[in-house]
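So that we are looking at the same thing, I have put the structure below in structure tokens.
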Amino acid sequence: MNASEVMHIGELLKNSPRNWGKWGDDDEVGALNYLDTAEVLRGATAIRSGKTFTLAIPMANPAGDPLWPGRQPASRYNVLDRGDFAAGAGPAIPGGNEYADDIMVIYNQGSSQVDALGHVWYDNELYNGYPAETTAHTLTKASILPIAERGIVGRGVLIDMARHRGKASLAKGETFTHDDLLAAAEAQGVEISPRSILVIRTGFIGSFWREGAAEFYRDFNEPGLVYSPELVEWFQRMEIPALVTDTIANEVTVDPNTGISLPLHSALMRNLGVTFSEIMSLDGLAEDCAADGQWEFLYVAAPLKVFGGTGSPVNPVVIK
Amino acid sequence: MNASEVMHIGELLKNSPRNWGKWGDDDEVGALNYLDTAEVLRGATAIRSGKTFTLAIPMANPAGDPLWPGRQPASRYNVLDRGDFAAGAGPAIPGGNEYADDIMVIYNQGSSQVDALGHVWYDNELYNGYPAETTAHTLTKASILPIAERGIVGRGVLIDMARHRGKASLAKGETFTHDDLLAAAEAQGVEISPRSILVIRTGFIGSFWREGAAEFYRDFNEPGLVYSPELVEWFQRMEIPALVTDTIANEVTVDPNTGISLPLHSALMRNLGVTFSEIMSLDGLAEDCAADGQWEFLYVAAPLKVFGGTGSPVNPVVIK
Amino acid sequence: MNASEVMHIGELLKNSPRNWGKWGDDDEVGALNYLDTAEVLRGATAIRSGKTFTLAIPMANPAGDPLWPGRQPASRYNVLDRGDFAAGAGPAIPGGNEYADDIMVIYNQGSSQVDALGHVWYDNELYNGYPAETTAHTLTKASILPIAERGIVGRGVLIDMARHRGKASLAKGETFTHDDLLAAAEAQGVEISPRSILVIRTGFIGSFWREGAAEFYRDFNEPGLVYSPELVEWFQRMEIPALVTDTIANEVTVDPNTGISLPLHSALMRNLGVTFSEIMSLDGLAEDCAADGQWEFLYVAAPLKVFGGTGSPVNPVVIK
Amino acid sequence: MNASEVMHIGELLKNSPRNWGKWGDDDEVGALNYLDTAEVLRGATAIRSGKTFTLAIPMANPAGDPLWPGRQPASRYNVLDRGDFAAGAGPAIPGGNEYADDIMVIYNQGSSQVDALGHVWYDNELYNGYPAETTAHTLTKASILPIAERGIVGRGVLIDMARHRGKASLAKGETFTHDDLLAAAEAQGVEISPRSILVIRTGFIGSFWREGAAEFYRDFNEPGLVYSPELVEWFQRMEIPALVTDTIANEVTVDPNTGISLPLHSALMRNLGVTFSEIMSLDGLAEDCAADGQWEFLYVAAPLKVFGGTGSPVNPVVIK
């Protein structure tokens, strides 16, 4: 199918649920509103051993940064270091301290990141009904700033779809549903309780370094969740505040039923206000959870407070 | 005093304690080693109400970003948004989703940030004795990456020096000691227990927006902790893993006794391996702590995993 | 006057001449079409002594870069140099050559620059009638690329308005007309012949360094040419291909008669296709011309071939 | 050969001529000193038809920018355009003008460019004997700025080695000598007179777009001039001020006789002060020269006045 033959997403989602207005006309954080103090306390009860894990992948990695085609990886450059001082070109600091300084050029969506709720839309309306024109030049509504002000803290649960299917990584285009998530959860012996931060491992992001960039981008079609009205209803009923995966876009790239690109971005993020966190590294966490049988934890993530940003790099922390 | 009349910091600190080798020849995270699972659990016991706070200041703020003289604030630019799609210049996406994308140019030390242990040194040696040449081009030792891999999680305690002295903000060049911290802690009714993450509020960073950039940078000399051998011994004895403040450099800019610039960066960071987190926004947290009388909390921060970075932006989360 | 009380520029220019279609429906270089081989040869006849002058101001100047409010000056950073090699952090090159490498972040309009013809417009149409939507995301019409492919080569003539009025610099908001240009030319003993590249010195740009940035931007209103129907007719009749000045915007910032901002950008650039080159350094050239009495020359300038660019930095060469 | 088996370039060039001190201890433009007013006038006599050519390749080209491995191509981004104004997100300008604005991130050596004389060195000394430490942080000696202040103007001559050898492009690693240049010049019917700006076409840069990046960089070894003492003596005797080619580095990448990488950068640029201009597009000019039999012209190039820069993008103009 080419783009012109694919149905419009507005048609697909015409009866799909929305949370617009649910948290006020000025709301910009959506389903994160589910994460009230009770949910923070519930997450805290999952802290048992004191083990911690960080979920970001490296940035400006000499081995390459996997990212959505068209974006560019972070570029980092020293602008002051011992070389400058050794050559007599550093500033003269009273007492003789020396220091290193550096800059980066980044895509805010170009590494482990949280999407602003205004990052994706259709039919000229964002989450909560904000006009899409509010994204022009700088996001004046539903930017990453309110999410960064609030932070994302609650009970997280890891569902390891790759392990459940006995694979190092799901295959390109391989899909799964909420029923698959529930079956995997049951096999893991963990419950996806309402308002859980849903962390899903596919094993896919690691294939970038294992198999190389050329193979990673060839016929690019990530594995992931697949759209169905029932899946969306399940997210809504479960009041899932945030979806976190080890893929670039948190869902199968091309919906196999309609050919639509990334329908869940609209069904879940735009319509329900579910926060998307993408390109996470989950292999180490999954190893540990498989070893100790504890698949739930306190999940703590706070993107940067980027004024008007479409998203921000983030390094979530899991505390078990 | 001008630079040439000031004593060398190596002379000042010749008998100052060091933790080099304490955690192995390859250690790159220093005093964060104190934050073991027991400390994470201790921090978790401070979670009572489920209230959360994020500590970063905004980036690319139209009202200006306070930062060390010579650095530049983050620049953020939309590179795709509704304007482009409305003009027919966006990509054709099957199904009709549209999206906004943006880039940033940042100094890694140019906003709320964690310093890598290799960020500051003297006498050609970094923390743990790594040669200063390892900072050249990219930090091959003691970069921000290992700190970002580990995260900073433990019991945090807020000491509100501004409130203790009855001021909105400490004055330029105003100093305080560990004895002052202890007195403030006692007045607040909280204990700075060993291995606490030490968060100190001066009220100073807010003066950037209250009084304007010109006043902020005039005769630039931030308030803060002042070097003494006893202060350093206290940090060492208390096994403080991390120092967090609402100033740009976490200590009085010019040491009033010697004229040395930023001696604690070397005494604490280089020698003891204490992690510095700077330019934090603490006013909201302080208000809440004063209101409910709870000055301790779980502190969770994870800078970005910047390969070879001198530091990284960060948005710490406090959970009470 | 505030913006809403000012007449619309489309009203002001409703009867103003246009060259749209004159050089074909696909033309993107406008009045540079006047600079045919005959004009190049005419310019070459002005070469007498072999003296050369370059007209750009420095970029990334530690003393500051004057530029339109809201833009940022060029930032240049070494990313490799002797410091890195001395520290053992440079690449190992067979034979032992070493080298220095650097990057820049620039506004294409942020220093001595040539404007693309699509840089400014009104009523949703650019030069030659291209829809303004063609500027979205990247200039697909009337970008700087076609101008850079062609270059700007012809007979140039310098009119020194500051000298003519006996001033180091024209004052803020000071204006002059084509009649003033003709009077100054007569006083200088030079003719503004048809198809001359018109180079006008106001002395203003130098005030940025002489008087400081604060004074430069205070009540920002550059001196320059002032709109009148007669002035536009004169440019059209004279077939002026290019206008070059030592101000940021080549005309008085606020038109004193209407309050319109920069009407000549539209009257001359958008409607007639006159190329604007801005922020030039003309003091040295003017000194020489006053000394030898030769105010005409071969003018050679070629902006960078920036794909889709709104303009490009340039360093014009004058050959006398 | 690997790097450690290759002789040191200082050994290769120990008896090679130098122009250090020839134009004063403070000289930073080297052999461009040969281009005095007489040479400018000589160049002007080559103007016959008034035809002009610009020599840069496009920057930020969607089809890719060829550049030295490890550097990155220019990235250009609109930061304001019609899309923003249409969405109501542009500034309100009195009168209603609208405009487009953009930024670029560039390597100064990452497109058609002029090298500063301090760009390459060995044995800790640059051109004119400046210490290599002067390159640290910013080039305080022999940066691109003095070359940009002066400009490069003189008689240019094109030698078309590809055409001379009957090829679209020289092959990888294919070399030629000054004797080959003289033979080609004789065949073309043009003289390489003393002080000529030497422009050499290999046809190689076009292979980047014809054959693709993968093929271009495979076993990367550009064709070009090959080092010999006689070649260096010839450049010195001929007082060649500048070397311009359609390759990335103006010489065969790996010297076939010694394995040294880019020895002519040191023999000609560092020692003799010859200015290198690289990555030029010469196919159109060559076509025209072959057609009209005129291989000489006025050559006019002025890099940007980048303070402390290692080089600068440039778009040279040829006038026939």
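The chains carry the letters A, B, C and D, assigned in the order they are written, with residues numbered from 1 in each.
As a working rule, contacts are C-beta pairs under 8 Å (C-beta built on N, C-alpha and C of every residue); 3 or more make two chains touch, one makes a residue touch a chain.
Note that the structure is a prediction, hence the values are computed from the model and not measured.
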What is the set of chains touching both subunit B and subunit C? A, D
Show me the overlap between the contact partners of subunit B and those of subunit D. A, C
Distance between the centres, which are taken as Cα means, of subunit C and subunit A, whole angstrom: 46
What whole-number Å value describes the gap between the mean CA coordinates of subunit A and subunit B? 26
For subunit A, residues contacting two or more additional chains: 78, 81-87, 89, 103, 105, 132-133, 135-138
In their complex, what parts of subunit A are in touch with subunit C? 77-79, 81-87, 89, 103, 105
Which residues of subunit D touch subunit C once you look at their complex with the stated criterion? 1-3, 6-10, 12, 36-41, 44, 47, 49-54, 56-62, 70-71, 74, 76, 78, 81-83, 85-86, 91-109, 111-112, 116, 118-124, 132-139, 145, 148-151, 153, 254-255, 258-263, 265-266, 298, 300-311, 313-317, 319
Subunit A partner contacts - residues on subunit D that touch it in the complex: 72, 75, 80, 83-84, 86-90, 105, 132-133, 135-138, 140
